[in-house]
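We just call them A, B, C, D and E in the order they show up, numbering each chain from 1.
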Amino acid sequence: MSEKTQLYLNGVSRSFDGFKAINNLSLIIERGEMRAVIGPNGAGKTTMMDIITGKTRPDTGEVIWGEDTDLTKVDEAGSARLGIGRKFQKPTVFETHTVEDNLHLSLKADRSVFGTLFHRTTDAERARVDELLDLVRLTAQRDDLAGDLSHGQKQWLEIGMLLAQDPELLLVDEPAAGMTDAETMRTAELLRDIAGKHSVVVVEHDMEFVRALGCKVTVLHQGAVLADGSLDHVSANPEVIETYLGR
Amino acid sequence: MTRLTSLFAPILMLLALVTALPGAAATLEELMQRLPQGSYDDRAALVMEIAATGDERAVPLLEALGEGDLQELKSDGTLVRVVKEGKTYTAYDPLTGESLGEIGRRDGKKVKVNNGLRRAIRSALGIMTLRHPDPAKRLEAAEAAFKSGDPDQLEALDAALLAESDREVATVLGAARAVAMLNSDATEADQFEAVTTIAAMGNQDALGVLLPLAAGEGPVAEAAADAVADIERSQKVWGLAQNVWYGLSLGSVLMLAAIGLAITFGVMGVINMAHGELIMVGAYTTFVVQEFIRNTMPEMFGWSLLIAAPLAFLTAGAVGVAIERGIVRHLYGRPLETLLATWGVSLILQQTVRSIFGPNNREVGNPDWMSGAFELGQLTITYNRLWILVFSLIVFAGLLALLKRTPMGLQMRAVTQNRAMAADMGIRTGWVDAMTFGLGAGIAGLAGVALSQIDNVSPNLGQSYIVDSFMVVVFGGAGNLWGAFAGAFTLGVANKFLEPVAGAVLAKILVLVFIILFIQKRPRGLFALKGRAVEA
Amino acid sequence: EDTIKVGILHSLSGTMAISETTLKDAMLMLIEEQNKNGGLLGKQLEAVVVDPASDWPLFAEKARELLEVHEVAAVFGNWTSVSRKSVLPVFEELNGLLFYPVQYEGEESQRNVFYTGAAPNQQAIPAVDYLLENEGVERWVLAGTDYVYPRTTNKILEAYLKSLGVAEEDIMINYTPFGHSDWQTIVSDIKAFGSAGKKTAVVSTINGDANVPFYKELGNQGVSAEDIPVVAFSVGEEELAGLDTAPLVGHLAAWNYFMSVDTEENDEFIEAWHGFIGDEDRVTNDPMEAHYIGFNMWLKAVEKAGTTDADAVIDSIIGVSVPNLSGGFSAMMPNHHITKPVLVGEIQDDGQFDIVWETTGLVAGDAWSDYLPDSANLIADWRAPMSCGNFDVAKGQCGGVSQ
Amino acid sequence: MLDVQSIDLSYGAAPTLKGISVAARPGRVTCVLGRNGVGKTSLLRAVVGREPITAGAIMWNGEDISRLRPDQRAARGIASVPQGREIFPLLTVKENLETGYANLPRSERYVPGEVFELFPVLKDMLARRGGDLSGGQQQQLAIGRALVTRPKLLVLDEPTEGIQPSIIKDIGRAITYLRGRGDMAIVLVEQYFEFARDLADDYCVMDRGEIVLSGTRDTMVEDDVRRWLTV
Amino acid sequence: MSLTKLIDRRMGIFLGLLFLVTVCVPLGNLVMSPDSALHVPSFAVALMGKYLCYALLAVALDLVWGYCGILSLGHGAFFALGGYAMGMHLMREIGDRGVYANPDLPDFMVFLNWDRLPWFWHGFDMFWFAAIMALVVPGLLAFVFGWFAFRSRVTGVYLSIITQAMTYALMLAFFRNEMGFGGNNGLTDFKDVLGFDLQSDATRVGLFVCSALALAGGLLLSKWITASKLGKVLVSIRDAESRTRFLGYRVEGYKLFVFVVSAMLAGLAGALYTPQVGIINPGEFSPANSIEIVIWVALGGRGTLVGAALGAIIVALSKTLLTGWIPEIWLFALGAMFILVTLYLPKGVLGFIEASRDRLRPKAKAAPVKEAEA
């Protein structure tokens, strides 16, 4: 494995009550790489992310982080501490905290019990939160409870939380869902800026958005890789058209 | 041996008396007149003397005495049998059964009996009724003979045995004969045979006879010791079966108590602290039904439970619907507050029942078909437990079918999973909520009918089941009827296997510790729902 | 209005309401009757009822309320021992008077408390004597609820039986939790224990709620009194009212009073009770009689002292003798226990007890059991100059601080 | 037809809808457009009865339904596909679909064929619990479930969210087909502009709780609309 | 964090009132003559001391339930353990003044024929040891129990019910005379503490003041915890446990921390309670008692700390008054109160008070409590 490898999935399978959601999936994400993962509904994209973040254990196969960390032995908090950040398909924020607190809690900082007990908010942290609020256009809502946001606003907040964590790898599940076309483009831009310093894996069904990302695309189908390459390359694949893009 | 003889010392005495003074035998009437006098021991001897007259009229006399119906009229000291019918008392001649007309409640003075005297009456009647035409009576007599083990009955038993046509009675007679034989100075061979006969019974009664025998010396004692060892071995095996049965029976009670909660709490997610009181409502409904039947149509008593069951379901269900419409309805989305409110409801229901029915236990009787026990091999199976088990299974099956197979069941589940969406789908959520809560409550009421048969019917009834019910539902896995089913029976059986080893208190503690540990292994109970669907 | 207040401290809710509510009513009746008869010291009596709700610390709180806020002259109350233990310091501190009407485990004599229920020697031991003599019992099951009263009583009985030569293996001891309702295993164990060819009896210190399911199971499993009699110390007429007693005829209970006692005083009492409660079916029981005795003793002592002052009453009440309901007189002993007859009754199918045996004379309550090594040497005598609840006759001194 | 007449709605003190009026006719699709948080979902929730309105009226076939409970509105033929899918997680796919039977006569209690034609995956997964499905599968189920009730008014809140491109095309075709049947009015909230534009017969654009632009397909100026959708 | 920041309006008012009571009650009891209208009877002092212990217990529960979503139905166990630890010391203090005049063994051991003190009774003759144990034992139990349960991710009702199983099992165990804690009767008949006569007014006032200080301390400690970043993490756990994990917080560690702190506060409350009511017995472990604690918190206002304390005092006071005023039907009144509060005061009594204030004078909204889990 090369030194540049950030994440390595090898022969991973996972079934639910006999149904193979992930089937002998192998995948390499390099440091700083941005990767788009597409594929039909139920292809196993979200399940793949569950496996990487320790939410779901694979039945077989290896999931290696960096040099040699076995992610199958790490729980959710552990994966986050290793530097994996995640945005969920269904926007998930702390509904009873204010927008601002959601971001504060996400900031990269000491996560230990006593670390948080004795934590004092620094000016740098405050500045960073302001910056993020601005970025996700929620400055006006900073004191609102996150639960009162509209669907799209929650999406944005969650993206903000992801950025606040400053993770090495971002797993972004359908960030553009529920956003207007213009905002979708902005999101793509945002992710492009991040890539390079961070690795990013994006799942999305919006082909405009994927095109805007301008990165390598992997097509998943029935839990395994069906095709990969540039968007143009995979969209020309008749199987991809048949199962995913449609005519 | 000496111990046994002490039990029938009066008989020996009496026989000595009778044989010594053949001519002076007193008449039945004379003997009877002496019944109210003397110590219990004296009167036990008198009973034997009465039996020894061989006069058939002694049977009703002794029966009346044993039942406590014999009274001495305060006016003139005549003995009469008094029967209470409703509010009136009628006197009968104890020997002839001829009616002597109505008497006042305080006219007579009861001729007292105690256990010793009753035992004497039982053996006396036993001898006298060995040849009774009714096989049931003969069986009773044979059993009495077995219990008394009086060697002087040998002849009578031999004769009865020869004439006996009923197999069951004959078996018991044979056993009685064997006991009598053992208590007599029969030959070793006869005693040997007797030991074999008794050993063949293989039950606790046999053990009772053989154990003292085995403590002695000689070949008969050895044979008895062998037989004891055999019986004890087989009893160990039967003991396991017994424990399983007790466990299932306890499990059925737990399940009945918990299954309504599996609806209100498991399916609806309402922490219903008043669940126990709904059980109590069911039990009091049973009480009211029985009171009504007792006062208006006592002959219907056997039907009382079958009448009470639907009424209890409806009463408790109606209370449930009232709770849901009045309180719980306003609290969906705030499940924890239902705990506070239903706790309040439970206090009010308890006090209501206390105010209406008083703080004491009320008597709920077992109809005949719910009383007594039968033997299955070495298992003693009581009818009330058996019927409760059957009842619990029926309730369970019915509920399962309702939830899984009917549109109503589907709507219930849909409403509890997402009330707003269910309404959007056109489901009348208010109605469904009321019906669901009412159903859970109604089933608690049914549990109350069953529990009234084995437990107190008091305002505290509910409190004693609420904790166990929650344990069962959670142990099995909330939201799953099969969980409640498996949970109840697992906990029941576990408890009953622990109880003989650890004692009832420690067993209960151990079961609780077991639940705590088990939940560590399966944090969502035995029948945990898994997968995304649960977290969603 | 100038009245003498009498506190009634019985649980009207919670687990003990089932037993204690009746005692509250009995006290109200006694007070009402006394007021009809002119009250006390020319004043009317006024009952102060509170509900300690079967909550033991609440008992202490309510006792304090009665004594400090209502300034009652005497309190009649409590059922469980733990509730009594809870209020003891309060009565001691505030120098109140408590009349405790329930049979208990003994091992206590407190200056401010009068024990009108039975001590173990007034109930348990005579009952065992009865079984020994009249039933020829050789094997014993001591079954009880797992708490102090049964534990202590059984300890005393065990020592007593052993002193009579009963072998270890002929005694089976079994404890169950409060409210135990599944008796299948235990009843079948009792049957097994009783089938060793020796006459067996069960001595039951099973408490309150657990009794109904216990007796139902006995009946259903066919344990008849002729084969294995059960003698109970906590089962009275009230408990039987919840049961069909037909299958239980012949099982026994030992008390100092039964409703079936055939005396004029008792007839009057029952009639008054039925009149007061307005229900001909209501029964009377032993603790009610204990209150009857205790109340009358207090009245007499107050009259004797001419005041309701606690110290005066404590002095004047010793030796006071009042009629009990079983045809004799009960007297307050210097150890604050009373003399009572002991009766053994058999259950009848009408839910009453038929008295089959009674002590020839009265038995004086013994605060300290002779069958426990550490209390054998203790006596209590609250008369001057000894005035001590736990005087050690061997050392010749009053132990502890209770003086 | 549906006629929303200048309704107000607020969450607590904050006014969210201010005098909104929209109409929807059978055989036509009315599209509601607008940026995040402008009140589109709130409008639909008001129509189906999830949120009470504080002023105005919601008329359905001449009847004011604004005081009716959601289930009563459903009984009058209103069905919705809510934002966030709201599948019954522990019911199987089949049972999820059957919840739509509540107001159907016995003879109509079956899943219309077009549902499985449109979403073949549902047919394969009838026995799987709804909550276990993938996001896109759930969205398909939500649409299918609404169709089971044989609605007269179908309210769709971003129905294409999370759905793969080929099926989005199918959904578009299906909506066209349903509109073509002429017995159903459709209200569609959509962010995916092309999709909306292709389907809309009538449209309105919302901003901060108000309608800022509306009209029919023929009069729609795309750039005007887009201006309201960018930040 | 500065003290002024901790004491917000609501806390300030409550602590102010508490301070007032703490000053006035001793004066009223000890200084005022009994005939004076301002005299506070000893009866009331003991009663208020008890209420304050309950209030501290309620605060302890609110810390875990209100802020971390752990609905413990077994908090009475921690309270009782603290109470027993203190009770054991008080028993030892009796020395040879017991009825059997045994210098080493408490009375109940003598009359059950114990010949020596069980090992776990050693050390309790020293006050400091008992005081430490009153915190350590509940804390340790909470630690062990929580360690397993939180690691196994037992949540929601499952956690609630096993905490109930825990207290129920302890109740049955303490009932057993063999356990060596006095069985059903528990520990009673205490004479004095640190040489002060428990029946004297001064001691009673002293204990009352200690309880008030403990309550104030408990409130401030809880407030400090909940106002810190850790407090926000707790709320996150309460409302979205899984999401919190994905941010890298080790949820089990946080839960364990508050659970142990809460158990120790409960133990402290128990330790102060025992000398004031004069008895500690297994009834304190009964599941119903623990449920009642939850009721206090819910009634006062969950997730508000001050509300929890208020709830405890309101319920306990109602119980005191109602059982005296309407002993025959007081349950109707109490039950109705519970129902009405849930129906008409959804945020508890405190929420109601503040809402009515806000209605008069609109201000920034207080963070509401969301009911996430069951």
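Everything that follows uses one rule, which is that a residue touches a chain if its C-beta (ideal position, glycine included) is under 8 Å from a C-beta of that chain, and two chains touch if they have at least 3 such contacts.
Predicted model only: the values in this text are computed from it and were never measured.
Visitor: Which chain is most remote from subunit E in terms of Cα centres?
Guide: D
Visitor: Can you name the chain whose C-alpha mean lies closest to the mean of all the C-alpha atoms?
Guide: Most central by this criterion: E.
Visitor: If you tally contacting C-beta pairs, which comes out ahead, C-E or A-D? Let me know.
Guide: C-E
Visitor: Return the distance between the CA-based centres of subunit A and subunit B, expressed in whole Å.
Guide: Comparing mean C-alpha positions, subunit B is 65 Å from subunit A.
Visitor: From the C-alpha centre of subunit D to that of subunit E, how far is it in Å?
Guide: Taking the average C-alpha coordinate of subunit D and of subunit E, the gap between them is 52 Å.
Visitor: Roughly how far is subunit A from subunit C, centre to centre by C-alpha average, rounded to an integer in Å?
Guide: Chain centres of subunit A and subunit C, defined by C-alpha means, are spaced 74 Å apart.
Visitor: Can you list the subunit B residues in contact with two or more other chains?
Guide: If we look for residues of subunit B contacting two or more partner chains, we find 350-351, 463, 505, 508, 531, 535.
Visitor: Can you tell me which residues of subunit C touch two or more of the remaining chains?
Guide: Residue numbers touching two or more other chains: 12-13, 146, 177.
Visitor: At least two other chains touched by the same residue of subunit D: list those residues.
Guide: Only 132 qualify.
Visitor: Please output the residues of subunit B touching subunit D within their complex, sorted ascending.
Guide: Going through subunit B, the ones touching subunit D are 407, 410-411, 413-414, 417-418, 420-430, 479, 529, 531-536.
Visitor: Enumerate the contact residues on subunit E facing subunit B in the complex.
Guide: It comes out as residues 71, 145, 148-149, 152-155, 157-158, 161-162, 164-166, 168-169, 172-173, 175-176, 242, 287-288, 291, 294-295, 298-299, 302, 328-329, 331-332, 334-339, 341-343, 346, 371, 374.
Visitor: Which residues of subunit B touch subunit C once you look at their complex with the stated criterion?
Guide: Within the complex, subunit B touches subunit C at residues 3-4, 6-7, 40, 68, 110, 112-116, 118-119, 122, 147, 204-205, 207-213, 242-243, 246, 249-250, 253, 350-351, 354, 358-363, 365-366, 371-373, 380, 382-385, 453-460, 463-464, 495-496, 499-500, 503-505, 508.
Visitor: Can you name the residues of subunit E that touch subunit C in the complex?
Guide: Residue list for subunit E touching subunit C: 41-43, 46-47, 50, 96-102, 108, 110-113, 172, 175-177, 183-186, 188-191, 198-199, 277-279, 281, 283, 319-320, 323-324, 327-328, 330-331.
Visitor: Which subunit D residues qualify as touching subunit A in the complex?
Guide: That would be residues 11, 35-38, 41, 83-84, 121, 128, 132-137, 139-140, 158, 161-170, 191-193, 226, 229-231 of subunit D.
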